[in-house]
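Provided herewith is a single structure, encoded as structure tokens, for subsequent inquiry.
Chains: A, B and C, in written order; residue numbering restarts at 1 for each.
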Amino acid sequence: MSVITPIRTPAEAGLIDLYKVVRNTLPGTKATLKHRDEAFAVIEAAGLPHRRVEDWKYTDLRNLMQEAPPLAARPHLAETDPAIAKSKAFAAVSGARVTFVNGHLVTTEAIPEGVEVTPLAEALTNGHPLLARMGGPEVARDNAAVALNSAFVADGAIIAVADGVTLEEPLVLRFINTGTKAFATSPRVVLAMGDGAALTLVESHEGPGGVGYHSNSVVEIVAGSSVDIAHIRLNAEGDRALALSTLMVTLGADAKFASTGVVAGGHVSRHQVFLAFAGERSVATIGGATMLAGKSLADTTLVVDHRVPGCQSRELFKTVVDGEATGVFQGKIIVRQHAQKTDGQMMSAALLLSEGAAMNNKPELEIFADDVVCAHGATCGQLDDELLFYLMARGLPRPEAEALLVQAFLGEALEPIALEDVREELTDMVASWLAGRAG
Amino acid sequence: MPAVQETVERVKAIDVDQYKYGFETEVEMDVAPVGLSEATVRLISAKKGDPEWMTEWRLDAYRRWITMREPTWSRVKYPPIPFQDLHYYAAPKKNAAPKSLDEVDPEILKTYEKLGIPLREQEILAGVEGAGSRVAVDAVFDSVSVVTTFKEELKKAGVIFCSISEAIREHSELVRKYLGSVVPVTDNFYATLNSAVFTDGSFVYVPEGVRCPMELSTYFRINERNTGQFERTLIIADKGSYVSYLEGCTAPARDENQLHAAVVELIALDDAEIKYSTVQNWYPGDSEGQGGVYNFVTKRGDCRGVNSKISWTQVETGSAITWKYPSCILRGDNSRGEFYSIAISNGYQQVDSGTKMIHLGRNTTSKVISKGIAAGKSDNTYRGLISAHRRASGARNFTNCDSLLIGDQCGAHTVPYIESKNASAVFEHEATTSKISDDQMFYCMQRGLSEEEAIALIVNGFVKDVLQQLPMEFAVEAQKLISISLEGSVG
Amino acid sequence: MLEINNLVVDIEDKRILNGLSLTVNDGEVAAIMGPNGSGKSTLSYVIAGKEDYTVLDGEILLNGENILELEPSERAAKGVFLAFQYPLEIPGVATMTFLKSVLNAQRKARDEDELTTPDFMRRVKKAAETLEIDQEMLKRALNVGFSGGEKKRMEILQMALLEPSFCILDETDSGLDIDALRIVAEGVNALRAKDRSFLVITHYQRLLNYIVPDTVHVMSKGKVVRSGGKELALELEANGYADYRELAA
């Protein structure tokens, strides 16, 4: 058989050119450069992932990424202040704040005792000890989005929470994108949680409308034993944005982890969660609500890796698709051979609100241990006619009746959020999305 | 349950290798030289007495096949198949086309007797309890159909049931119209290979408005060494007709692997119904994973007419590798597809099986019930696609796939793809994986069942929904087979 | 019938039975009473042969034969029957199918002929009528979707059908209302015979109003701390178990 010479798309060719230019200017030691080169080699060899690559079957990045915009430079104060002022997400939530503009750490506020924040650019240049723990769980290796981030990362943060520290107020990571022409950002945050530490991590991603920028963020959580982590992620990127965001979690023993992701923006977006249980008796609850309209595509890809016995995982994802948008859910529960007494349950439910809407669901189980209880379910359909009729018979006009049902449908995924003001803000966001739809 | 006792009896009677159909038959064979080339394809075509269009059809497939690569997307792993070291044609020498059973090589008759397949119509009539359960059989030995029973009686009803070779010669127009219309020549690597070299298989045509008066059945037997078996089955149910078709398969125990790459095409026109049942029991290999059949099969049904229905039921217990996805294209409005599956893997068997339900027409419905049981060091994957296209308003699917694990050395995987491009389509999917609980086992054993008996009982309960879909004779057979397949899975 | 000598049993390194001795004579109905956690259910499981328990010392003799090394199914064939506190559900297996399978498995183990279907049906029907079990229920999957009372009645039905010589009733009264309790007790009483013994495990005296025992044994902390006649049960009802906790200490 003949050797196949890959035909490079403009974006692939652009990335290769871009990498050649920036590899010597991006921060880091020789070791960092080696990591960058290794990560980029994955992209260079295989190209951008496409529909024949199983994990990207429904999000053909090769086709969807049309160009490789330049990396966003560290913005000047004159740019950052107005951008921060415009940021709306979680403005009312009090707590510690780390703000990134175009992927660069610009401010930190109210960082409590026991928490140490180091800008990633600085950490890479000086060889921070926690860099050794970067890289994410095995199931995220060779992931194209993570590889791209590893190759192009310019800044971010390393956040260390000392053993036994409990944060009373949330730690908010704001990723704010700004600009009028296409640009690319690749921030990375590593959160190292000491044994017995507890916090609520709130993540928001925002950006300008009408600009085809690319954002590709990676947040890594490396947790010791007995941690208690609540995580909330809001993706409200601009309507032309290509947004990739990845959460990688490695949990020690007796840990509690709860994550809720809300997607309400972006033109093409993919939200990945890779979670590995590295210690026994831990519990993870992962969920999300996605609202899609226009011609957008949002992909939620989740891999939960039960590597050790006795852990429990629960996943509940809700997707509402309007217009000619496409929703994607790919979820996989892996149970390794020795991970007996695993309890894994995953559910994905989708509502299609319009003629042109589409949904692709791929819930997977991959099980190598016998003493387990695992299940997944997936549903896809439209609003229940009888319920609609019931509400309309009680006097609600159709749009309001629909909105009520959709709100209830998505609300279930927001329920696990313990922080009331965060939950309310996200609930309001659902309401205004529905109002926008009706109007 | 008598079946449990019988099962235990049978299990006890089985040799160490557990596979009771592993014997070999000594028959003089006419075998094509090893390897595949245009010359081989022409040789096969000539041996079959193909008309010219068929020869060209085969050659076209062959030319496409040499440009194709084996699919790698499934979970099955195996060493490269030496396609050029296989025989692509093997047929019993004596009387290539026997006119009656008396002309069939007695060794072959003995083989089917041993397998419990009735080939003598009188015997069938005499030996069967109660009327109405007669089964017409097409027996395929290696690549060739040796005998088809009840042909005359079926003919009276207008039903054509014969070997595909005969159909190509005698019913050329029908074959030409439908062959490759459901599984195109270039569909996939194995289907294309089959299109080039298929040597026999069954053909069924049920005319408009006819309810086939009996069950039709094909019994496949691989015997010859190093021989690929490539059957082709084509079933056409014309408007308003009904047919139920059964397929069984076994092979001798050998330490090398045997390749089986069949293609089955079903076409249901308006208001027609086809029920297709398989009990697949090819040689699974020995307890060390040596030998066994590689089963790469393409089965697809086309619900071409309105209100048509195609139902697949499969009990997969054999083969070292099973790679098959009996599917339905729901083209006609209101058409219905069903897939009921029991897939059992033990030893080193690998199963990657499931279905595709492609909803194209309005108000099409489908149902998928899959029960996977993994034991020993086996791997068992359900892979399925449910899709609704833009036009498929009102499409409905319900899928349930459950896996049961026996022992901690095996794997059970579920890979469903659920794609909807129509808002009014409603798809529901649920899947579970679990093991037989220790408490259930203890309860059964406290009541006096041995460990093996308890497992057989619980597993039979687990697969009951699917067993019920099989015709009665097959269901009993399948139930026994399930217990035998799980023999040696504990301890 | 049954003789237990100095039985010491652990589960996951935790001592549950601690030198328990007990004798039940032919035809005797012995009640075992005791507070929660005294090891009553463990005793029933160990007699029936459940895994998970480590027998460190002692013996269980059934008609003089030590059964500790036997599989649960072998013990069942020798006449041990345990009516479970929580009977298991077996999806997909019709109750009738289950009954026939276990009955014939036991008969075979004892070198007896299998029952003919009509003979089997007759026996089931008779037992079902006594216990007010609907024929429809016998067609359903075993215990699946049955109420607590139905499950308990099904246990007694199996007991009647299998004709064991040594029956253990593990908290059979739990979850039963008074009518169901009466039906179950009548079913048990009908099976009382010279060559059949019972071990009735219960927390409350209530059941013993219906199944009147010949002897009552009080368990505490893994051993029998007091034995007596049926009047002992009434005494316990009046005074509680408090005294016995100390007795065992």
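Here is the rule we use: a residue touches a chain if its C-beta (ideal position, glycine included) is under 8 Å from a C-beta of that chain, and two chains touch if they have at least 3 such contacts.
Remember, predicted model here, so these are calculated numbers, not experimental data.
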| note | By C-alpha centres, the chain nearest the middle of everything shown is B
| request: Could you tell me which pair, B-C or A-B, is linked by more C-beta pairs in contact? | output: A-B
| said: Need the CA-centroid distance for the pair subunit A / subunit C, whole Å please. | reply: 56
| request: Could you give the separation in Å between the centres of subunit A and subunit B, each centre being the mean of its C-alpha atoms? | output: 44
| said: Suppose each chain is reduced to the average of its Cα coordinates; what separation in Å results between subunit B and subunit C? | reply: 48
| request: Two or more other chains in contact with one residue: find those residues in subunit B. | output: none
| Which bits of subunit B are touching subunit A when the two form their complex? | 69, 73, 403, 405-435
| message | List the residues on subunit A that touch subunit B in their complex, please. | response | 1, 54, 57, 337, 340, 350, 352-355, 357-382
| said: For the complex, give me every residue of subunit B touching subunit C. | reply: 1-2, 4-5, 437-440, 442-451, 453-454, 457-458, 460-465
| task | Could you please specify the touching residues of subunit C with respect to subunit B in the complex? | result | 48-52, 71-73, 75-77, 80-82, 84, 87-88, 90-93, 97-98, 100-106, 108-109, 114, 141, 158, 162
